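The next part holds the structures, each set out as structure tokens.
The two complexes that follow have subunit A in common; it is paired with subunit B in the first and with subunit C in the second.
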Partner chain A sequence: MPRLSQQLREWFQARFGTGTLDWLTHKQVPRHHHTVWYYLGGMTLFLFIVQVVTGILLLLYYRPSPGEAFESVQFIMTKVQFGWLVRGIHAWSANLLIFTAMLHMFSTFLLKAYRKPRELTWMTGCVLFFLFLGFGFSGYLLPWNTLAFFATKVGTQMMAAVPVIGNWLLTFFRGGEDVTGATLTRFFGFHVAIFPALTTAVVGAHLFLVQFFGMSVPPSIERTYSNKPVPSYSFLPSFMLRDLIGWYLALGVLAALAALFPWELGVKADPFAPTPAGIRPEWYFLFLFQTLKLIPGRVLWIEGEQFGVLVFGLAATLWVLIPFLDRNPTGRVGKLITGIGAFAIVYILAMSLWAWRS
Partner chain B sequence: MFLRCLSTLVLLLLGALGAAAKDAKPVVNHCLECHAAFDGKLGDPARQFPDDIHATRGLTCADCHGGNPSQEDAEKAMDRKQGFRGVPKRSEIPQLCARCHSDGAFMRAYNPSLRTDQLTQYGTSVHGKRLRAGDTRVAVCSDCHSPHSIRPASSPLSTVHAPQIPMTCGRCHADPMRMKPYGIPTNQLDDYRGSVHYQTLTGGDLSAPTCATCHGNHGAAPPGVASIERVCGTCHVFQEQLFDQSPHKAPWQAAKIAACLTCHGNHRVEHTGDALLGTGGESLCLRCHAKDDAGGKTAQRIYADLTGLDSNLGDAAAVLDRAERAGMEVGEARLTLSNGREKLIKARVDVHTMIPARVEQNTEEGRKLALQAQQAGQQALAEYAYRRKGLALSLIAIAFVVGTLWLLIRSIERRPPAGEEVTRP
Partner chain C sequence: MDISAPEAGRVATPGRRRLLGFLVGSGVVASLVSIIYPILKFVLPPRRAEMDAETVAAQANELAPGTAKIFRFGNQPAILIRLADGSYRALSAVCTHLNCTVQYRARERDIWCACHNGVYNLQGGNVSGPPPRPLREYAVHVRGKEIVVSRGSRT
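Up next, the complex of A and B:
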């Protein structure tokens, strides 16, 4: 009597041939002292899957209207069986997802994994990161609590600083001139339909590109093994099982955070109340927030806020286009770009810390 | 074409300016020019008057003092034959102001919502009556409103702006020398400053009662014993209605004991508390009742009810605080607790009936709500403990799976590589 796994393998091979399985089992992952960074992509993917699953569960009870949103989240947290866990994991996982995505992106940058032929892998990754930020921004408003309401008011107000189309953007995202029920409905639409559809497509493309080109070996490792093959291990099962361990550990961290530090709901939003003191965006927007606070009212001939938005817009565009700017990663330009990137990381950390402590 | 349009616009603009200049009536007031040169009481009015509301509305010194302000020559300007009145006598001031302020048709042109019965009201006031009787030391219009720097009551600079009123009245009523001939106390201002009303007023609530709220402004007089309850009842509506149902009402009325102030005082109305009831050291009830008479027992019963509910609400709040600090969502229980607090407030208002059953009705409902909130808090804490246990079990399961996976990896990697060779470092 053959084993079940063998029976399944034969069943699969009888229909799809041996190509796919052979490719997976023969696919190799480089093994060196930077290998640990390879796991961050899988970790981010796992957290995204957690978001999708918990998000679908939350959808069963959540109601996207100003009169019901807060109460429905309150109901989920207090009355629905394990609703607290689902909401807690969704909220914590959203933050961990952006954290791991950030680490993944910066490690990819510092290891120069965007080099030819992986330009598109880098670009799809950047787009995914921006989509995750969009998820975070749109999801933050959905519980319709005071903090979220006013943070969204401040956050969307920045859109008005975008040259030419600023006011149009503001009206489009708010569904009017102010943050109202129309904004909530729009943000809900973005959060559960538009962003998931886009993200699924871009995640698909990103994963395909990662599998197609395989893992990039950092230039320093390449130099170490100049003419020798870089040590490696199999994608399936060695890398995949280690990935799985990471996913389980992430699940443990999520469960611990959700159980020990329940994500608080706060007080229901009152659009007629004055803006409370100390309104701040989520931690991943703090550096933007702090920078815009520091920019003077007028820079050269344009308004300070508009100047800030333009600079950040330009920086984000250059960030996405790095593979085309850094054509010789080991040359002077390459080193300069690494230096600028490292400065950007330190800047983001310092500004976030400053904003968080002030 | 452009030049023609531009010149037409300029001409139209100049025409409009010319018309406006023609309509404006120049106000000539040489009184101010001369008097500004003096020091002291001859010069002060000239320095104060430009900011006076009357000056800003186009009135001049002559409107009160008579004379001809367009005359540069002092003799001619202050010619009594020309109607110069000079400094009006104190006894004439109310009538002088009333010439305009009691004229509805005249005042409508300046402020249609301003009342025009000040003189009539003044006539009913203690000040007005004494003035009529020949006592010119009593307050007249210019004492409270100032003679030459009158501002609307809404202006913080006005002597009759709500937070200024106690000081304005106190200038005379807190002055023992001034009040000596009348034999009335002078501690009202100090007492008022120790009151909850003053705290509210200085806390920024301009609707808080000042002297004029209870005594009237132009018709200022002390409220009589019979009307004190009505005066307080203009703001404390429920308390007044409830007091009407209390066993105190009839005997107090018969004995001419003033309602409200017997327990709360008049100018120094302090924060109340449950301790004012009962039979403790601060008890007001024991001023008239003995501990073991019917009134004393009622007071004890009501006191026990109120403090019992207060304590229950406090216990529930403490449990909810603990649950909230643990991160649990207790918003609904907080709402229940705040409904319970509302019942306590209602019960405290019901104290004015001095009917224990009325008070108990609210305290009982409040106690149920406090219990509900406390139970919800305890459930939240139990749920938190349950979650921690669940987390511990989940982490053990996860650790087991991770350990198993690790062993699986080790066992797979120990096997000799099949098929393609796997390079190892």
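Up next, the complex of A and C:
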């Protein structure tokens, strides 16, 4: 009797043919000394899947109202079996995800993987990164502790500095003029419904584009192999198995962090208590936080905060549009853009470190 | 498989391959167990502490003989009936059929479940309709001006 796996394969092949499987086994992934950067996207995807699973689990007990949110998280942490682990993994995975997404984004930037024909891959990736920041910002408030409450107050107040629509944005995101229970309900809605739906769709598009165009070969490698083909191996199984090792590695790091460093809950938010010292956003917003602290009250004719928001808004827009600005990636413009990008990376690192140390 | 491999290699390879397969397979199974076990434990809510304390169901002059009220007993509704002779009886108000909440019918002098027309007598016995078991009875004590209900056998 043929083995079950073989029977299953034949069952599917009789219905769908062998097209997709053939395509995946014949698809080649370039193999060179920058190949290691190809695994970061997969690790980010894995961490996103972890977020979906642990997020659904947390939804079984979490209650999004100011009277119950903190208590329900406390209940998860102290009463539910493995609750501390599930929340710890959700919180650690969120941070690791932002970290791997950053590495993925900056490595594709420096290796110029956004060049024609991969402009849309880059842009969908940027949208995903902004969505992840939105996940981080909205999820930070959900335990309704003091730190999150005041960080959200400050974070949303910055929206008021956006020209023209600032006040509208502020009221929209807060669900009123202040951070209240209405804000918590809104953030919960963004965190568990709107962002997941958008992210699923954009991740789908991003993965399709990655598969459709295949992996980008960096210009330096292209030069090395000027006219010869770049060495490669099959996507299935060679690259896939290595990718899975990356997932396994991420899982190991995640489990170790969550088990050894349980995520704190803090003190329940009291909207009428004075803000304690040491209020700060999550580490990936620290460079923004530090910059805004440094900008003087007035720059030229505009308010300092407004100036900061405008500059960062402009920088983010340019970042998304890089594939169209970098017309000649190996020429002078390309080198200049790499230089500006490298400066931005160093700036973000330095500002984050400064804010983190102070 | 490489056919040109020497004889010894061909003999050794299947064993090595089987060992590696076993190691990888058991590693993957162990990982899956360590993921699935906490999830299965997590999804079942922890047991809330059983309510063994007493509940004040009513005040002494609240119910006239031949009336009843539903009160909260732990996480569930219970019914306190004042019988015609002035004595009290407390029963679980959760129908043993499909968990609807029962009610007292003064005219029929019985306990009735509106969901599927189940009828119990005032002792909680299932008389007619779908209920499969009698309602659970609780102990009632009159303590000063309070009617106190507790779990455990009737006294």
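The working rule: the second predicted complex is superposed on the first by the 355 of 358 C-alpha atoms of A that agree within 3 Å, B and C clash if a C-alpha of one lies under 4 Å from a C-alpha of the other, contacts with A are read in each partner's own complex, and residues count from 1 in each chain.
The rule is simple: contacts are C-beta pairs under 8 Å (C-beta built on N, C-alpha and C of every residue); 3 or more make two chains touch, one makes a residue touch a chain.
The shown structure was predicted, so the numbers you read here are calculated from the model rather than taken from an experiment.
Participant: Please work out whether A:L57 is in contact with subunit B alone, subunit C alone, both, or neither, and reply first, second, both or neither.
Facilitator: Touch status of A:L57: second partner only.
Participant: Looking at A:V80 after the superposition, I want to know if it touches subunit B, subunit C, both of them or none. Which is it: first, second, both, neither?
Facilitator: Second partner only.
Participant: Which of the two, subunit B or subunit C, is in touch with more residues of subunit A?
Facilitator: B
Participant: By the touch definition at the top of the document, which applies to A:I345: first (subunit B), second (subunit C), both, or neither?
Facilitator: It touches nothing on subunit B or subunit C.
Participant: Now for A:L133: first (subunit B), second (subunit C), both, or neither, which partner does it touch?
Facilitator: Neither partner.
Participant: With both complexes superposed on chain A, which partner does A:L251 reach: first (subunit B), second (subunit C), both or neither?
Facilitator: both
Participant: A:V320 in the overlay: touching subunit B, subunit C, both, or neither? Say first, second, both or neither.
Facilitator: A:V320: touches no partner chain.
Participant: Using the superposition described at the top, list the residues of subunit A that contact subunit B and also contact subunit C.
Facilitator: Correct list for subunit A: 85, 248, 251.
Participant: Which residues of subunit A touch subunit C in their complex?
Facilitator: Spelled out, the residues of subunit A in touch with subunit C are 53, 57, 60-61, 79-83, 85-86, 248, 251.
Participant: For a test of understanding, state which residues of subunit B touch subunit A in their complex under the given definition.
Facilitator: Subunit B reaches subunit A through residues 326-329, 331-332, 383, 387-388, 390-391, 394-395, 398-399, 401-402, 405-406, 408-409, 412-413, 419-420, 422-425.
Participant: In the complex formed with subunit A, which residues of subunit C make contact?
Facilitator: Where subunit C meets subunit A, its residues are 31, 38-39, 41-46.
Participant: Applying the document's contact rule, which stretches of subunit A touch subunit B when the two form their complex?
Facilitator: So the residues of subunit A touching subunit B come out as 25-26, 28, 31-32, 74, 77-78, 84-85, 229-234, 237-238, 241-242, 244-245, 248-249, 251-252, 255-256, 259-265, 267.
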